[in-house]
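In what comes next, chain A is part of two complexes: it sits with chain B in the first one and with chain C in the second one.
Take a look at the complex of A and B:
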């Protein structure tokens, strides 16, 4: 009797299924279980939303990857980018000077945008909406940067500057983003929409007083 | 010799017989995994429903609304093309707005307007790629008329008067009209990373537009004023 038990091959215990087929069935069962669990869990936009670290002009907003401080905000219908090219908009150019100080390791805040009160998002680009981070900043050394973004005049009042590391908004999930209320009003929007003064967009520079 | 060859053949047959269930199981696992994950979405075959081009009429292309205004040949476009004996520039003047709530980038706008069958207008080909000469050629670049700078981002809520440009070989004849193709896109979830993207480019409007020949006037008046 004991000899019979030892002689029975283990693979035959699963109703004669070959071992590979059994493995495949288990794999599919695991995938199906994972999908069912995912469907039951409350995985939605709220649970994966980024952590907004907020502040105003002149506030030092601390994030996981560094500090952001908006130092000044200007606006007009005309800007001159760091290469001297003049851009003219039918809306308003909002020009924000700010400082970031990397934390822990060199960082590049590559995503810079204005968010208006309606939820519209206006991002920087290379030419039309100039912004340059100046590359990775060494931790602890403040870097002065500027971004100019064109928006319709009705987006100015209440606009906030949004800064974070990753360019793809999908990658902002569960990460820190700096959200700074620029303190802008309808009076600012009206004045800037009528202004033809050329506002210069500064190049990035290191040091606490570099931009001044 | 013959015996050893026969043994090898038997070994080979044995090996393939062993792998057969494994391959079958793997294939079955893949099919089941795809079914469990939701299966393949049926690909909707687009109908060839291309509307005729109407100059001055706004066309919804998905990410953008484009209104085609006029097209002309320019020997030189300040800040855009240093005119020479080898090339001329075909410029399409259009009005563009972004339809969504976030910035759309200029590359997608360039790809949304194409010239079809104009001699001497080659497609820009990336290294390693080949160009299909029968395919419409997307605009080489888009410039803002107000200041002549490149439009690399279209902000929501703003209207831009733009020049979409193609370079034409000067040895080809100046066209009196050109066939334009406007390409639309659909906002849907990407099957790769589930993000919402403008995908499935398809022609939605096509038709001929008159091309105005270069002005006989010797120079640009704006250049002389400044």
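Take a look at the complex of A and C:
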């Protein structure tokens, strides 16, 4: 009081705004830009996508955890599972015989599914879609396995077999999955949808493919 | 008076920066233990074939931690004639060899030891596990104890006596069988009663 006022230096200004307000505006703008970029680009899908290793029937598809080779594909409306139980479908059973060779350590390819051209996924299950891995396969020893999957007839043409270790699709992110084009056509779908021949689903076995 | 320089004004922040970075890394690596350290035996005791190794580790059950000490000697690795603890003939498929891992173990008979995993490794580090049931072999569930005198089990279930079988000898030999592709040479045998501890024995 009564003292002389000391002149304060004027606040530094940036574009007419006080420095702190400018900083806040820049910060919010940067966050909003990041959010917008993330929303516009498939960042989540891309960064967490599995690595698809692709091939066709008879190709040895190499992955981080082993090799997958589809040896034959059959189909019908009737299958006989390894316990002898017969299953009948109004759609089509696609029966895939394939060989799996683990790499590095004993591993189980627990996730086996068919993916159709629309992206629909049909998985093996305990009861109606029989598949048995036979447990972990020792590295370097081929394990022959078979999977039968029930699909609608319109899913057959162009269907791909998808194989990987983790049963939960969430856990496929950034890991290898084998995707094998089964080379199926609409003719196969029609023939199999009309077939009543029982296709046997083989038990798992070790060793090179047996002469059949 | 000159204003102090940027480095001087921010000296405490600069001192704190490496500490903060280290703390942030530590805080965000809380899964390393579960997903890496406890995933496989990594805290390894090394031994040589033909010599006794003393291995101490811990298991746990309803009663809490169950520390134990066992002495182990790898006597050799040889072509197997029969599955471990089974009379069934051994018929490995084409391209597959069966090797028996001859081990002698010693521990007091009241120590639960049946819950062990046995893995053999080749020189490149590829691992082949003891499997009691697979499409090509069926043998005793535990590779480390005599199949007919396993000794006590861990006390896992209320109301079930964990020690009912015949008394396990003070020293015993086992010959678990591991299936390998033809041509693979066993370089190491790895025994574990639960990660992270393990005993790795050179087979050379």
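We adopt the following convention: the second predicted complex is superposed on the first by the 166 of 212 C-alpha atoms of A that agree within 3 Å, B and C clash if a C-alpha of one lies under 4 Å from a C-alpha of the other, contacts with A are read in each partner's own complex, and residues count from 1 in each chain.
The rule is simple: a residue touches a chain if its C-beta (ideal position, glycine included) is under 8 Å from a C-beta of that chain, and two chains touch if they have at least 3 such contacts.
Values in this document were obtained by computation on a predicted structure and should not be read as measured data.
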Partner chain(s) touched by A:150 [first = chain B, second = chain C, both, neither]: first
Partner chain(s) touched by A:138 [first = chain B, second = chain C, both, neither]: second
Contacts of A:205 with chain B and chain C, given as first, second, both or neither: second
Touched partner set for A:185, first chain B, second chain C, both or neither: neither
Dominant toucher of chain A (residue count), chain B or chain C: B
Partner chain in contact with A:87 - chain B first, chain C second, else both or neither: first
Chain B and chain C contact sites that coincide on chain A, given as residue numbers: none
Interface residues, chain A side, partner chain B - complex: 18, 20-21, 23-24, 27-28, 31-32, 35, 85-91, 113, 118-129, 149-152, 154-155, 170
Contacting residues of chain C [partner chain A, same complex]: 92-96, 125-129, 131, 133-136, 178-181, 184
Complex contact set, residues of chain B against chain A: 21-22, 24-26, 28-29, 32-33, 36-37, 101-103, 105-106, 144, 146-147, 149-153, 155-160, 193, 195
Contact set on chain A toward chain C in their complex: 103-106, 134-136, 138-143, 203-208
